[in-house]
Each structure stands twice: as structure tokens, then as C-alpha cells.
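What follows is chain A paired twice: with chain B in the first complex and chain C in the second.
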Partner chain A sequence: MPVLPLMRPLPTWRMPAGLRRRARLLPVVPAVLLLLVFLAGPVLWAFQASFTNAALTGRNARSPGWVGLDNYQRLLTDPVLPLSLGLTVLFVGGSAILGQNLLGLTIAVLMRQARKPVAAVVGTAVVAAWVLPEIVAAFAAYAYFSRDGTLNQLLGGLGFGQPDWLYSFPMAAIMLANVWRGTAFSMLVYRAALNDVPADVTEAALMDGATGWQRLAFITLPMIRGSIATNLMLITLQTLAVFTLIWVMTAGGPANSSTTLPVLAYVEAFKFGDIGYGTAVASLLILIGAVFGAAYVRLLREGKP
Partner chain B sequence: MTTAAPASRRELYVGPSRGQRRARLPADAALLLIGACFLLPLLWLVFASLDPEAGHETRVPGEVSLDNFAAVMTPGLLFQPLWNSMVLSAGTAAVNLVAAVLAAYPLSRYRSRFNRPFLYAVLFGTCLPVTAIMVPVYGLFVQLELLDSMPATIFFMATTTLPMAIWMTKNFMDAVPVSLEEAAWVDGASGLAALRTIVLPLMRQGLGVVFIFVFIQAWGNFFVPFVLLLSEARQPAAVSIFSFFGQHGAVAYGQLAAFSILYSVPVLALYVIVARGAGSSFALTGAMKG
Partner chain C sequence: MRRRALNITSLIAAAALLLCACSPAAPADQAKTLKVVYQKTDSFSALDNLFQSAKSEFEAAHEGVTVELQPIQANDDDYGTKLALALRSPSTAPDVFYEDTFKVRSDVDAGFLLKLDDHLAQWKDWEKFDDAAKAAGLGDDGGTYAVPLGTDTRAIWYNKKVLAAAGVGLPWEPRTWQDILDTARKIKANDPTVVPFNMYAGKGTGEGTVMQSFYELLYGTGDALYDADARKWVVGSDGFTESLAFLKTLYDEQLAVSPAEALDANVWKKVFGEWLPQGKMGATVEGSYAPSFWQEGGSYEWPEYGTDMGVAAFPTKDGQAPGAVSMSGGWTLAVGAGTKDPDLAFEFLGTALNQKNSLAFNIASSQIAVREDVAADAGYQAANPFVKDVSDLVSVTHYRPATADYPRISAAVQEATEAVITGSKSPEQAAADYDAAVAGIVGGDKTVRK
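On to the complex of A and B.
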């Protein structure tokens, strides 16, 4: 972050220096107020509410009672929690860290070798899935994976079996859908990063007889490792928060077999009306997000001393 | 990636133009295959919207008709929800722009101990999973009696994108040279006057990118209005789309697809404007570079 040199105006009336310095920060106040009321407020409220038996309706909605660690004790003994945690890790690891990340890198590398119009057309197709409103993307994915949807029509045409994806393999379906939806982000990050790799470095390696794979593994990838780390962090955080896609496609089912943490928090709070327990789940998710967020901020700070 | 190896050797031994042309073929083929996979799920959307008897399956419509579009183009089904989306998204983007520009100015122009911690806190804020905050936000809105309020929803949605907007705006503002303002300062203009008359006009392209970026996110947002806006008259298109799921399990697939297309067109157009105007990765670099 370049900090620009400080140039003082010539004031007609001189405020005390300390006051003047503070007055300069006044324009930040609206942003800080918004962030405190609508972001920090709910987070703190979540931690507080997770110690109560707040409910969606009824007596406990009006005056929630303090229940201490009950919600968290229930969370620890709830058989759905380890399942949900595992599914969340599987979802993030499979669809973001492996799927979106590797596919995005592959597309970005291929685009540098392919003809310009081909790269432009394919880039548009990948980005289209990303720019669509999430509810539309979710319906399209739902139709694609449904029993008589496009995927099964294709498989049938090729002579393969036609499983009911959303019931038999719900995790595979939502992970593929998330790769389809989110790869554009990684692709754009890697395209920008690859453009910044100076051509003479790869040319020098080319002269030394390095193959394409060697150049990619030993020169290009190490040179863009900053972008790789940033991309991994950001897609992890985005995928951790995916709700709409899963909600429309499987609603967490069948029998909780695709209930990631955001879906679990929603179901507990709004379907079963237990706001207290739902916020306990949400608090856990916020904590996980906070750990990754802190790691991301650290990463950026170390990047530029 | 498998094609990278032959590509390089050819470049070395044969002339670059011929070698590249040969190496391009496998890369082209691989890319086109990937692109086709990405387009396939959208195929259903297009076919079903033109087919009066559409179902789950993708098929070329027996007869192409615009009946589905005609059926959804009524005030209650289409125009009111789209108007609500418009109000929500434009309001969210406007609140974002005002708050982000005000906050970015001192962060970009004055050296202060407060800058770095604030910027990192803001960056941290972009990382919190918004879906996790929705349950507590619902609780908060119940207690403050703000449920089903359009302005409150706009302010909340604005806050969720505000960290990213501040970060982007500050980067765009850093690119405006400070020397121009120095002249104004010497003439006795206050910081905010210099901001309004000199800095903002110079960074209007960047401001456009921030506005469109926030607008697209708000337009596509489903979860926030789904939880916070209850009455049908206020629901944006993202939520009202569920009205195509009938009470008895009958789904009007053709109309659902037609509605989805009409609802998606504005953001697709806005994205094209940003991508055309400033290079496809421009908005992203604005957001990513420290």
C-alpha cells in the first residue's frame, strides 16, 4: 500500500494539531457505523444468543432464557455435527481447492496457447455461469442433475446408467455444480497472474531445453505462488458460505447427506425454530471463517512488508 | 495442460508461427470441450423458455414459441419483482458508493496510525461467511422490529459488500495523483471540496466499476431478501421466482426458465459493460491488489 505524502492545506483558522488529525478521519464514520451495526453487531449477538434458548415463535421468542453452554453441549453430542463438518470439508476441499482451483488454472494455461477467438468464447462460457444470479444458476444445476435432466440424457445416449444424482449422489452433484458455478473466479485470477509473469524468464528456460511441464512446475507456478495462495483462501471462504446452490438442489437431503454447516444452521433456526441452537451452529461457522480470514490477512501482510 | 510440452519443442525447432499454429490445435480442442461442459447446463434454460410444454429434460422445442415470455410478462409476476430488485440493488450500490468514497479518502490521502489496522479489519470483514450471519441478523431484525423493511435490508446488504467496496475504492483513489489536489489545497479548498471537484471526476470509471460490482452482487443475492423480506409486495425477483412452484407440486418449468432469462439479462449486460470498458480482469485486479 503506497502511502501518499502528506500535504497540509493552509487553514485560515488553526485547530489544535491533534484535533485536526482526528477531524480528518470523520468521513470514515459512516462506514464504521454501518460495519459496527450490521456486521460486528450480528456476530456479537450470535455469540450471545447461542447461550440462550431463543426460538422463532412462542414464549421463548419474546423472552429467551439463558441456558449457558447447553447449546454447545448439544452441538458436541449431536450426531449430525460431525457428519455436517465432514461434508463441509469435503465440499470445500473437493469443489473449491481441487475442482475450481485446478480447473481454473488449467483453463488459464490453455488460453495462452489457444487461438484468441477460441479463448474468448470459452472464457465467456465459463464466466456466464459465474455472473448469473445464484438462484438462476441453482435452478439450472437442479434441472441438469435431475432424474430426466440433461446429464442423464447424455449418459443414456452414450449407453451408460442413469442414476438419480440428487438422491443417490447428492454430494457429487452439488460439488460438480459448485465447480461449474465458481471456476470463473480462479480462471480470472490465474489469467491476470500469468499475464504478469515476464516473458523473458520462460524464454530463458525454453532455451535451456525445459519442457512445458517443467516450465510450469519450476518457473511459472513458483512465480505466481502469491496469487495461488490468495485464490485458495478466497475460494475457500466463498465455498464455505455456499447456501443457495445446495438449498435449491437437495435442501441438505436426503437424510442430511448433503447438509453442510450453513444449511444445518438454517434448518435448525428456521425449520425447527430453534434460533439459539441455530446460532450456535452459525457461531461455529463464523469461527471457522474467522480463522481462514485471519490467515488470509496475515498472508497479505507478509506479502508486502 | 497436456499440450504444453509438444508446444514448447515445436517453438524451439520450427518457426514460431507454424509451430504455434500446430500446437494450438490440441489446446483449442481441450478448451472447446471445457467450454461446452460449461454451456450444457444453460442449454435447458434456453430451450425450456421457448417450449410451451417444457419439463426437466432438455429437448429442442417441438414448436418455438414465445408463450412463456408472454405469460410471465405481467405486473405481478415480472415487473413488480424486477422493480423491487432494482430498488434493492441501486439502493445498496448507492449506499456503498457514498460510504466507501468517504472512507477511502482519508485512508488514501492522509498518513495515520489508524489506516493499516482499519484496512486489515475491513479485509477481515470481507472474509466472514455472510450465510452464517443470516441467522443472527434475523434475530437482530426481529428485536429491532426491522423485518420486512426495505431500507433496513438495503443497509444490511450494503454492509455485506462494503468492505470490498472500500478496498476497491481506495485502490482506484490511490491511482489518482495527489499533485492535482495540492494545488487546490494551496488555494484554500478543504479536503472534501478537493475530493468532489478533482478526485471523483478523475476516478469516475473506477466508481462505475464499484457501483456495477455491488449492483450485480445485490441483484443476484437470494439468501438475504429470502430471510429479511416477508411480504410478497416487497420481494425481489430472486425470491419471487419460487412462485412458479405451484401449491400442488406442479412446476411451470417453461415460465420459470423464461422468467430466469429476463431476470438475468440486466446483470449480464452490466458485466459486459465492465468487461468491455476496462478489460475482463480489471475489476478483479482493482479488488485484489493491496
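On to the complex of A and C.
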């Protein structure tokens, strides 16, 4: 930058500390406003609607009435709720915490040792599923698992049986689809984290005679603990909210056997027009997400030295 | 520091821009616009043609009026949801829209529909409408809120070649449920690769499951879903269990499609597009609109359908009077309660439903005419070889109880059929669970045990 010779440093005026701290918050004000309007607003609305009998049509659409905790009472006695909760836990635990997370970590670790072309091909293949819009990915997964789909054609070609995946094993199918779609995210997070592990620490461990497994378990993993917690939190919340994938592949069926909480909330609110009850299910989902979020945030804080 | 200030300014500017974009635009001009919402799919463009034609006709007659067509690409269920959401807000509510008959009452309750009595009194064409069809547009207060486009009935559609190959005498006229089973078993014995007699079941086919399968059975036993006089839902009826048992027999003996196929929401496309035309299915229960898929311009063109297919009334259980049973639905046009110009909106509705447009629509979508001047038209009567057969079924037809609770009850029925065909429950268990579900939905005091 050219400096004009005559320019003297101006006496700097310093804002009072309190004001300065507040002024520093100024840049985030728009973001906070947007979050309030588009995130907190709907959440609060959903919470409020869950205490009413608001409906899509019929008398209650015109003048929804306050029903207190009726919707929650009904929810607790709904035979579908335990099933739906269990399926949601299975879906999140199986496809996010175990599937995406472990597979993403494995691929990231292996890619460090893989040859460049191999790493590039694997990386592209994994990220491709992530790049697809959700609805496209969902249709691709449907076409893959459906009765006359790719998977059954492959199995048929190899002489195996051809089960109807979406009917006989709906949960397995949607979990595999979610792993396929979401692993790229974990892989990218872990690749970035692994790159930050200083080489000298690993080298020192190598000098001390640590095996590959020991280096991974005692050096690498503890050092990327923060990334693991962040990644777990993000993919858990993402997977909790997965709707399109399930709706396109099985629509929650057969006989509710893949009805996770988001599907249940949608069906109640929009198929049966019972918005009050649907938002009660959604509020429960928000609560579960908040508990997970809080747990991970705590984990993150404890993880910091 | 200066750079930071610049950043802040640009952020604020960006936010301001975003907020501006969100605020509603000022009304563009004073010219009148009518917003029309309806359904359009790949296999259903007859309605789009109707509105395109009505639009040009109407705009030519009314200078300065623009008709804004907003087709929604969705299946029946999703169309209903999208329409209901649009109706909730005055800024998105359409002036004229396409409305399913079984939603009319609950949408009237919700205050979405404009009462049309005064307008209809001055509309010459109204007296040409069939009285039974007029009833479809009634609200609970006895006022008329919607005008029917057409109606439909349900019947057995069978492939004559498949039946003839199995040695079944034609025309096939089953008198009882047992006749159906006997014939289906005969077809199965003759060629095990053919699906002898399909009836929908499960939640995949949605309303199709109840309209084109379960209700034909239930209403054929003499029992009903709803006691209209007492305004109560019927539970614990023998007919309900017997109907489930009949479906179980069909699926257990593999006379219908496999349960996995039945639960696929797209199974009906295979019925119309593959199995019946290719002679892989003996018969199915479907709507009077079936020819609309096969005729020229339909989604599954099949030039020989007129000679290869036959139609038979669905029999009552033991052949008891009136001997046959059918279900009717149909769609209407309605005017939004919040329309700014009710006269203009109704006038557009009148244009869309005039003789010319109704005729073209009823022919293209194989609907049963509700205007006598359409029903008497030679072109309509010759539209397909089955017009007379399916129109005759109007005399034995039933309508769904169109209350606000109906969609949920219907889902409970679908669930019962699904439980039975997948073998997860016996017909008795499934019926008992249905009874409990109904009591949970409407309250025990709104049910009646038969």
C-alpha cells in the first residue's frame, strides 16, 4: 500500500470498553435477526400450535381452540409413538452415529495412505451422493432398492434371491440409503481434522514403537476429539430431521414399520389435517434434538484442554 | 478498521435487501385477476385443457380480466394438502378451485368456500344438473357450495381373453362373492402366472383401497361405515370382518397381486399400463374412468381395450338385493370465500362448466356426466364402449360419509386391510383394532355397535 509521506498517524480515539464490546456484536445482528425470524419464529409457532386443536380443514381450521396438554396426553398414549421413537433411535444410531460416522472416519484414515488416483476416485464417488439434492438422492435410492431395482438385478445376475427390500427390510434400506448419502460429510470433516494432526507427534509415537492401531487409538483420535464431537452433533441433528429420503422410499410403511418421528409429524399434520397433533410430535422432535445438541456441546467443552 | 466498517455496511445492506425481498410487493395494477387452482398430472391433463379453453373464452368476453391458471402437479392426497394450505391464507387463496366432493363439507365448516345459492338461482344452466349430483355440493347448512364436474362409479373390469382362456363364460356376470372366488381359482388353475382377480388393499393406494375395494365389499354385506341418520360411525359389524376375510382369502390364495406389490403406491399404474393390457391380470375393481387411460391420448394407450375388456357390476355378498354395489366420488368446482369479486369468480365457474366444456371434459376423462344436455349428447354416449354400463351403476351407488373425521377413519380402514393381507392380524383382530381406532378418533359416544 503506498503511504503518503506527509501523513502523520492520527491520534486514535478509543471507544469506552463497554461500548466497544457491544459494537463488536453489531456485525452479527443481521444474522441473529434472520435466525430469530426464520428459526425461532417457526419453532415458537409450532410449540404454541401444539397446545391447540388447529386443523387443516373443518371447524377447527376457522377457529382453533386452546386444548392445553391434550395433544401431548394423546401422544403419550398413541400406540405408534413408542414404535416411532424406537425407529428414530435406530435410524439415527444406526445410520448416523455408527454408519456415517465410522465409515467416514475409516475412509478418511485410509485415504491418507491411499495413492492419489485411488483417493481421488473414492473421494469423488463419496462426495457425489452428498452433492445430489435430497429428492434426487431419494429417487436414486428408491430405484436402487425397489423390487425391480438395480440391487435386485445385481443379486439376480449373481444367482441370489431377490427380496423386496422396501417391503421386507424397510429400515435397513433407508438406513443404507442415509449412510450412502451422508458419509461424505463425515469424511470431509475427518480429512480436515486429520490434516491438522501434527506430523511430529505421530512420528514421535512411531519412534517409541507404537503400532498403527495404537497410534490411531492413543494419538490421532484423542487429538481430533473436538472434530468427532462436532461431527457427531451435526450428523445426529441432520439425521433426526431426515424426511424426504424416507417419504420417497417407503412413505413410512409398510404398516408404520419405517415411520420415524418426522414422518409421523407430517402424516398427522398434513395427511390427517390435524396440525395441532402434528406440531406436538414436531415439538417432541425439537426437544430430542435439543437434548442431543446440549449433550454434544457439553462434550465439546469438556474436550477442550 | 475501515475495511471492517465496510464489511459491516455491506452486511447491513445485504440484510436490508433480504428483508425488502421478503415484504409483500405492492399491488401491480388495478386490472382484475382471477386465480384458478386445480390438479394436473402426466396422466391427467383433461382438466388443464378445460381451464385453458375456459380461460380464452372468458378473457375474450371480459376485457381487462386476466385468468391466472395455477395447476398443482400432485396426486390426489398431496393436491388436497396443498390446496388446504393455500386456502388458509387470504393472500394465497384461489378465487376458483377444483375440490374433491368428500372434502366439501369439512371445507365449508372451515369457512373456505363461498355459498353459491344466490348465484345459482340466476344461472340458467343449474337446472340441467342431475339432482343426485347437486347433493355433492351441499354443506351441512343445506346451502350449495360447489358445482359438480362429473361423477364416477366403480365396477369390475375384466380381460375377456384371460377369462375365455380359462373357460369362463362371457359376458362374465358374478352374482355373489363366491362366484368371484370360483372364477378366480379357475383362472389361477389354468395359468398360475396370471393375477386372477385384484382388489387394492393397504395404505399405499390410499383412497383407492377403500373406494375401489373395501367399500364394495362392506356395502355389499348390508352393513355400512357410517349411520347417517344417527350421525354415528358403525363399529363391530359382521360385514366389516367378512369384508376383511374376503380380502385375506384373495391375498392368501395369491388370487390378487402379492402384498408387497399391493403396498406400492404405484401399483395402479401397473394394473392399467401393464397387467391388463398384456393379459397378465384377469380382472380388477376400478373406476368408471378406466377407459381414460387406454383411449387415444391416454397415458397407457391400448387401441383394443374396447373389444378386449369387459365390465361387470360388483355383486353383493350373497346376491342379496339390489344385487350390485358401487361407490361414487367425483370432483367439483368451488369459489373461494375470500374472493374479491364473487360475481366474476362465479361467472368464470359457469364458463368452465358450460355444456361445451363439460362435454369435452367428461369425454376426455371418462367421467359420468352430471348435466343432462351432456348425458344426452351422441358424442358423449359414443365416447367409449362402456359409458352405458358404468352409468347404470349410479342406481346402486354409495357415497363416502364426507365429514371432517373421514380421512382419519379411511386411514384406519386402510390400515386394517394392510394388517390382514400382510398376515400380521386376523380379520377379527384387525376389525377390533379398527373399532378401537374409530372410538379414539371420534370419541366413543359417536360410534354405534351394529
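In the analysis below, the second predicted complex is superposed on the first by the 260 of 305 C-alpha atoms of A that agree within 3 Å, B and C clash if a C-alpha of one lies under 4 Å from a C-alpha of the other, contacts with A are read in each partner's own complex, and residues count from 1 in each chain.
Heads up, the rule we're going with is that contacts are C-beta pairs under 8 Å (C-beta built on N, C-alpha and C of every residue); 3 or more make two chains touch, one makes a residue touch a chain.
The structure displayed is predicted, hence computed values, not measured ones.
In the superposition on chain A, contact of A:V297 is made with chain B only, not with chain C. After overlaying the two complexes on the shared chain, residue contacts for A:P27 are found with chain B and with chain C alike. Once the two complexes are laid over each other on the shared chain, residue contacts for A:A17 go to neither chain B nor chain C.
In the superposition on chain A, A:A199 contacts neither chain B nor chain C. Once chain A of one complex is fitted onto chain A of the other, the partner contacts of A:L158 are absent, as it touches neither chain B nor chain C. Once chain A of one complex is fitted onto chain A of the other, the partner contacts of A:R147 extend to both chain B and chain C.
Number of chain A residues touched is higher for B, counting chain B against chain C. In the superposed model, A:S168 lies in contact with chain C only, and not with chain B.
Overlaid on A, the two complexes show chain B and chain C touching the same residues of chain A, namely 27, 30, 34, 61, 147, 270. Residue ranges of chain B in contact with chain A, taken from their complex: 1, 3-9, 11-12, 20, 23-24, 27-28, 30-32, 34-45, 48, 55-58, 95, 98-100, 102-103, 105-112, 114-116, 118-120, 122-140, 142, 155-156, 158-160, 162-163, 166, 174, 178, 181-182, 185-186, 188-192, 216, 219-223, 227, 237-238, 241, 253, 256, 260, 263-264, 267-268, 271, 275, 280-281, 284-285, 288, 290.
Against chain C, the residues of chain A that register as touching in their complex are 26-27, 30, 33-34, 55-62, 147, 164, 167-168, 251, 253-255, 270-274. Residues 7-8, 11-12, 14-15, 18, 77, 81, 84-85, 88, 103, 106-107, 109-112, 202-204, 259-261, 263-265, 404, 407-408, 411, 415, 418-419, 422, 424 of chain C are the ones touching chain A in the complex.
Residues of chain A that touch chain B in their complex: 1-10, 12, 21, 24-25, 27-28, 30-32, 34-35, 37-39, 41-43, 45-46, 49, 54, 61, 103, 106-107, 109-111, 113-115, 118-119, 121-123, 125-129, 131-136, 138-141, 143-144, 146-150, 153-154, 180, 183, 188-189, 191-192, 206, 209-213, 215-216, 230, 233, 237, 240-244, 261-262, 265-266, 269-270, 275, 278-279, 281-283, 285-286, 288-290, 292-294, 296-297, 300-301, 303-304.
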